[in-house]
Amino acid sequence: MGNILNQIGIENYIFLSVVLFCIGIFGVLYRRNAIIVFMSIEIMLNAVNLLFVAFSTYHQDAQGQVFVFFSMAVAAAEVAVGLAILVSIFRNIGSISIDNLKNLKG
Amino acid sequence: MDTNLALILVLTPLLGFLVNVFFGKSLGKTVSGAIGTIAVAISFVVSLLLFNQITSTGKGIEVTLFDWIQISNLKINLGFLLDQLSVLWLLFVTGIGSLIHLYSISYMHDDENMHKFFAYLNLFVFFMITLVIGGNLLVLFIGWEGVGLCSYLLIGFWHKNQDYNDAAKKAFIMNRIGDLGLLIGMFIIGSMFSTLDYATLKTAIAGASNLNLPLLSLAALCLFIGACGKSAQIPLYTWLPDAMAGPTPVSALIHAATMVTAGIFMVTRLNFVFDLATDVQTVIAIIGAITSLVAATIGLVQNDIKKVLAYSTVSQLGLMFLALGFGAYEVAVFHVITHAFFKACLFLGSGSVIHGLHGEQDMRNMGGLRKAMPITFWTMLISSLAISGVPFFSGFFSKDEILLTAFHHSIPLYVVGSVASIMTAFYMFRLMFLTFFKEFRGTEEQKHHLHESGSLITIPLIILAILATFGGLISLPGNSWLNGYLAPLFTKVAGEEHHLGTTEYTLMGVAVLGGLLGILIAYIKYFKQDNVPESDENITGLSKVLYNKYYVDEVYDAVFVAPVNSLSKFFRDYIETGLSALVFGLGKIANEIAFQGKKLQTGSIGLYLFVFVLGLCAIVSYIFLAQ
Amino acid sequence: MNTLIAITGLGIFCLLFEILNLRKAIVPITILGLLGVLALNYCEFGTEQSYYNNMIAVSKFSTAFSSLFIVLTIFLVALSHNFYQNHPTKISDYVAIKVFLLAGAVAMVSFGNLAMFFLGIEILSIALYVLAASDRLNIKSNEAGMKYFLMGSFASGIILFGICLIYGAMGSFDISDIHESALSAELPIWFPIGMILMVIGMLFKVAAVPFHFWAPDVYEGSPALTTALMSTLAKVVAIATLFKLIAGMNFISSLDNQDLLHTFEVIVVIISIASMSVGNIMALRQVNVKRMLAFSGISHAGFMLMTLLTVSASAGVLLYYTTAYALAGIAAFSVILYVCRDQDNEDITNFHGLGKTNPLLAAVLTASLLSMAGIPIFSGFFAKLFLFNQTIQAGYIGLVIVAVINSIISVGYYFKLIIAMYSKEPNQERTGRPFLIYATAVVSIVLNIALGLFPSLVLDLLK
Amino acid sequence: MNVSTILIILLIGAFATYFSGDKLASKVALLFSLAALGCSIVLLNNYNAGENISVINSWINQPKISFALNGDGLGLAMVLLTAALTPIIIFSSFGNEYKNAKGFYALILFMAFAMAGTFLAADGLLYYIFWELALIPIYFIALIWGNGDAEERRKAVVKFFIYTLAGSLFMLTAFIYLYTKAGSFLIEDLYKVNLSACEQFWIFLAFFLAYAIKIPIIPFHTWQANVYQKAPTVGTMLLSGIMLKMGLYSVLRWQLPLAPIAAKEYMYIFIGLGIAGVIYGSIVALRQKDLKKLLAYSSLAHVGLIAAGSYTLTLDGFRGAVMQMIAHGFVVVGLFFAAEVIFRRYETREISEMGGIRTQSPKFTSMFLILVLASVALPSTFNFVGEFTVLYSLSQINIWFAILGGTTIILGAYYMLRMFQHVMLGETNSKVFADVTLNEGISFAVIIAVLLFFGFYPKPITDLITPSLENILQVINKN
């Protein structure tokens, strides 16, 4: 098991997930459609999850993988709430673009 | 015993004041007047007793009541010093005071606030006595400012007229300028000798080795400034003529006989200081001479009977300072006394005239009053002769003494003084002729109200006239009782006795001739040719300048008062608003920033997240850089 | 630990009451329950132990802060009685959510393992998302919820990444392990990075500049009670957790080893200065009271962050400051709830003439504002005093001077409200004297003043 | 029995007044303030009998803050001033009707409580707390019961509050800094700390900011005139009569002893500022249209002189300053009350609309005149004693200070008499001026009596304050 990590150094995993994380961030920054923003956030979380797994292998320790389950669960819960809010917004203003959410300012 | 005497002396006028203030109205005019007069009369009696005691024992009485102000290096107590000088002053202050009180009973009888008038007069006497008998400079200062206050109250006695109030205010403030000088003088003396008591001070100075003379002279100068304020010397004299706004008895008491002599009193009191500051003495002499001349010249052309007397007062005071400047204190004191007699008499006389003419003060509307009011005429005539230095009247001796001293020290000042006295003679008789001779120039109904004033007015006049005649006897040239009496006060031998030699006699002659000359000119100008001064608008040339008092008031106004006022406006309108704008400005800035900041909060999630990420990157990269 | 279980149980009970149709009883019973929990928590105070192989570690710090949270929740629940009168069917849910939120909060201060910490923060956040958006038909509320949700989950992402890096560096989620190995010589750079990421995540929660933008909008948009909750409970929890993270992971000394400490301190100083300045200045021009208090909250966050400079010493100060701030906030919000209960906005104009129509509440609001402004005998003053004292002793006199200047600015907007209450004419009738609101207002302000008179009560708890 | 009794009386009084209802409020307040006065007189006796009337209990142990009240001569004198003026002020307000009177009078008593506390506190932080507490009541008094256009008033009052608070917060910072050095807020511990000249300079500056704004010394006075004008007269009296004295007192008690080196170093600058205040205030006062504003500027001038006296660091300066504080306290209260008496009859404060009152009410005129004369320091009034001593001390430093400072007796006379002339004298006023009522008369009489009595016999006060002033001097000159 460890030998994989010997062949591909841990750094690469880190870089990979950092890249994924950044993709997520940019998604959040540049997309205006709420759903896609959610998905970008999911990408961020999953990037982290990937890293968790990598680390847990690296450390030969299961906690990391357990943690991944936590974070998945949490992410699911979050998105559930998020979608609920989104629905009520859609009911009220008939759009899911976050650019329409500018009533509160100043 | 002495303490009680002193307290009675001081407190009876105060008592009179209190009674008149609180109950005067209900007591009625005559009673309140009587109270006022009696109060002063009692003080007069007490002063007589004290005088008696002093003359017998020959040394002063010191009375200490209690500590007053404690300052680290000098302790000032509330105490009195009754010695030759103060008792002498007391005598004529209270004596003339009681006469004038008597006079006022009838003079002020038509005024609804008569009780107030007497209250103020009593208060004045109280403060004057305090001034005179104060045991140290600070107690003197109480009286000093107190009499200033009283003159403020009495000048502005007819308070409905704002001009009178202005005059009163002017008097008070000008005095205060002097008072500041006095205070500074006290500070210097206090810090030098750490005492303000006359007695201790005298010994301290006598005993002091290597005195800081420049500093001492500075102190003397400051004190003299104080004297200038009180005794109306250049440059602080302009308040005195305006002070004539007050009722005539006030002018007689305060602005002729007593208060204005306080300056001379103070200088005499501190003779041991001034003797050391010789250059200050020269200044005093010069200022005195100039004042006497300037005032006399102005007096030449005045048409208001009281104004004439006012300027003559200023010029006489100038002569006294001339004497002081030469260290001839006893001479000055002598003239103070005689002057008190005849000037009081003159003022009261003029008061009686004004009373008779129902408030007319312009000599151009008088004339021919001789027959109508003989007593007034004769008394005033006597006093005029006295002031003009006609032989054997009191004024002759005192003024002559002064001129003698001047002659011995500096001829120029002697000349100035003599010229001044010639002018005095002139304008006094100008006054006499215009007022009492020829035909009456007033309106018809005035004319037929003309009458001699009541006995309460005439009696004081007569008494004063007598004093004005024989007052000179107290210091005959040759053997002077006064000099002997005052001798203990002075460090140096009391005034060099002029053994009457030829020079003296010639000088006397010159003085007499001068006086007669003045009278003669007046006689020719106003009796023979009987021309009456023109009405104000067509006065021209030099006489116009003189008539307008050399425009000194205007100058002062332009140089001091106006700038202060405009400065005040400037401060109020610009500096003040500017400062508060500065403070408000800070708040405004914050508000402005807030206003701009609100625009940043656009409400767009994208922006918020963007800033979030920026911050994140900034921090993380900062960490990396620091590594 | 028992506290946590009890709270969760209480939450479930609340839901049961709905089923059993005991809506009337919910609020009082919840309050009683919470009081019980408080007592329970009090018994735990002082005991140092950990449960479930150190998932939960009870310490003085955790218990003290938990009790504060519980007290605050009691107030909030009390307020919710009147607040939700109009839609009674929801009340049980809202109360339950608050209680669960409390559970999350307690978990956050008493975690012994990063997993627990993460769960706690997510419980809290999700509950808040829901509450923020709870006024379904109100577009503002929706927007607030959405904004909070998006940015919140973004922040959780960051936190999660941070946790991950720490795990990578340490190979463990356990605080005590991390605490030890944090001092070891060669640590990968990930550890400080991860730590910083977590800190940033928490800074978002406490709404510190530049991560503060959500706060004003969300505060304004959410229902007033939720705003109250956010500005008091949520903020306090976040700052306490942040403090515990840094203290618990021995972060300072490990930074010291890698001589990054100075860097970190610079960051903290900058952020705290920025927070208080931005917060105070922006608050000057606000007309909506909730928004104004949001900004004032930001500035207070800046003040609280000063404690991070003296982590070893200032736990007590932080507790005192948070308590003072939260109590003042509760008092203020209870008045706001009363005044604006049937207004559609919370503008200052609603407060005109409160001093005449309702002197008591006006006095309470005045007192709470003075406390926030840091005027003596109110505990707010002492909070500032102790904080400044602490910071000057650590040698940050410049920071304190900036803080002082900020407190001067802050008076500007606090007094805008006071003036509105006392020197303007009332523009509306205010009827009804809802007992619970009055009680909450008075009790909280009395507590605040009492703390002012006897600061040692709280200050010395964490000695 | 110790000094805390006064505070307790006043505090209880405040609450009692509030709960006594609008009808009784004024009476109750008067009662309690008189009780406080009586109490303070008893304390004075005990103090003179050599009894120890100070209090010290520890309050907060970490940081070490104690509830320490120090009843020494100086503090006692100031407390007496407070306790004597409060009843007068309350009594003087009987002629007016106030809405929500209970709050009004309660606030007055509370303010008196805070100010007395400030004068007594012997612990830096306690002192600061009282100092701040005194600010709140006056803020509300001016805001709620003030007069003039509401918007203007709001601006003026808020400016006043923020401005003063700003100053005092810097003082707080200074205190905390000192605490970090001394490890305690107790005044004697603070006296013990030795600071470098540089530290002292900053400490001195911080304190100066607080006091310069409170006193006020130019150019920090911009709040004063407006607030005096806008506040109700009672508030103005409290401000000018007692609150200004807080600042001046604090200069003596706190600023100078805590930073002696700096004090000596920069003495001349601050004396200069004080004297500049004298001249500036007097000149600005000349051309004021509003009576209360004029009085405000006059008091700016007077406190300038007092401040200059305190900064001379000489016993005379201190003594004169304290005496002048007390004298000025009484006279300024009297003058503002006179302004109020006129306002009650004429409903105006514009000097131009007054005049000719003397013919209508001689009594009032005489009383007003005496107050005016006292404020221009006529000998035989208490003000003269104070002013003379201060000027003397200034002359010891440098004769020019005395001369420049002495201009106050000229300029003061100028603007005060000018004011008096236009307010009281001249042609009889068309508007009716009812003569002073008994109540008003009593207030005036008391004030005048005090001024005249101490004018001739200031010894009791001098003896009371001198020892503590000497102690302060010792602290200043210890190194």
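Chains: A, B, C and D, in written order; residue numbering restarts at 1 for each.
Everything that follows uses one rule, which is that a contact is a pair of C-beta atoms (placed from the backbone, for glycine too) under 8 Å apart; a residue touches a chain by one contact, two chains touch by 3 or more.
Chain identities (UniProt): A = NADH-quinone oxidoreductase subunit K.
The structure presented is a predicted model; accordingly, all values stated were derived computationally and were not measured.
Asker: In terms of Cα-based centroids, which chain occupies the most central position?
Answerer: Given all protein C-alpha atoms shown, the central chain works out to be D.
Asker: A-B versus C-D: which has more C-beta pairs touching?
Answerer: Between A-B and C-D, contacts are more numerous in C-D.
Asker: Nearest whole angstrom, what separates the Cα centre of chain C from the Cα centre of chain D?
Answerer: Whole-Å distance between the two chain centres: 43.
Asker: Could you put a whole-Å number on the gap between the CA centroids of chain A and chain B?
Answerer: Each chain reduced to its C-alpha mean, chain A and chain B end up 99 Å apart.
Asker: Between chain B and chain C, what is the gap in Å from one C-alpha centre to the other?
Answerer: Spacing between the chain centres: roughly 79 Å.
Asker: Centroid from C-alpha atoms only, then distance chain A to chain D, rounded to Å. What do you get?
Answerer: Computed from C-alpha means, the inter-chain centre distance equals 67 Å.
Asker: Residues touching two or more other chains, restricted to chain D: which are they?
Answerer: In chain D, residues 162 touch at least two other chains, as defined above.
Asker: For chain B, which residues are shared contacts with two or more other chains?
Answerer: Where chain B meets two or more other chains at a single residue, that happens at 587, 598, 601, 603, 605, 609.
Asker: Among the residues of chain A, which are close enough to touch at least two other chains?
Answerer: 28, 98, 101, 103-106
Asker: Tell me, which pairs of chains are in touch?
Answerer: A-B, A-C, B-C, B-D, C-D
Asker: Please output the residues of chain D touching chain C within their complex, sorted ascending.
Answerer: 60-63, 125, 128-129, 132-133, 136, 140, 143-144, 150, 153-154, 158, 161-162, 165-166, 169-170, 172-173, 176-177, 179-180
Asker: Can you check the complex and tell me which residues of chain D touch chain B?
Answerer: Against chain B, the touching part of chain D is residues 155, 159, 162-163, 219, 221-223, 225-226, 280, 283-288, 314-316, 319, 356, 358-359, 362, 366, 373, 378-380, 385, 388-389, 391-392, 395-396, 399, 402-403, 406-407, 409-411, 413-414, 417-418, 421, 425-428, 456-459, 462, 466.
Asker: Contact residues on chain C for chain B in the complex?
Answerer: So the residues of chain C in touch with chain B come to 146-147, 150-151, 154-155, 158, 189, 192-193, 196-197, 200, 204, 210-211, 213-214, 216-217, 258, 260, 262-263, 266-267, 278, 281-285, 409, 412.
Asker: Flag every residue of chain C that touches chain D in the complex, lowest number first.
Answerer: 355, 370, 375-377, 381, 385-386, 388-389, 392-393, 397, 400-401, 404, 407-408, 411-412, 415, 419, 422-423, 455-456, 459-460, 463
Asker: Okay, in this complex, where on chain A does chain C touch?
Answerer: Within the complex, chain A contacts chain C at residues 10, 14, 21, 24, 28, 34, 37, 41, 44-45, 47-48, 51-52, 55-56, 58-59, 61, 63-64, 66-67, 70-71, 74, 77-78, 81-82, 84-86, 88-89, 92-93, 98, 101, 103-106.
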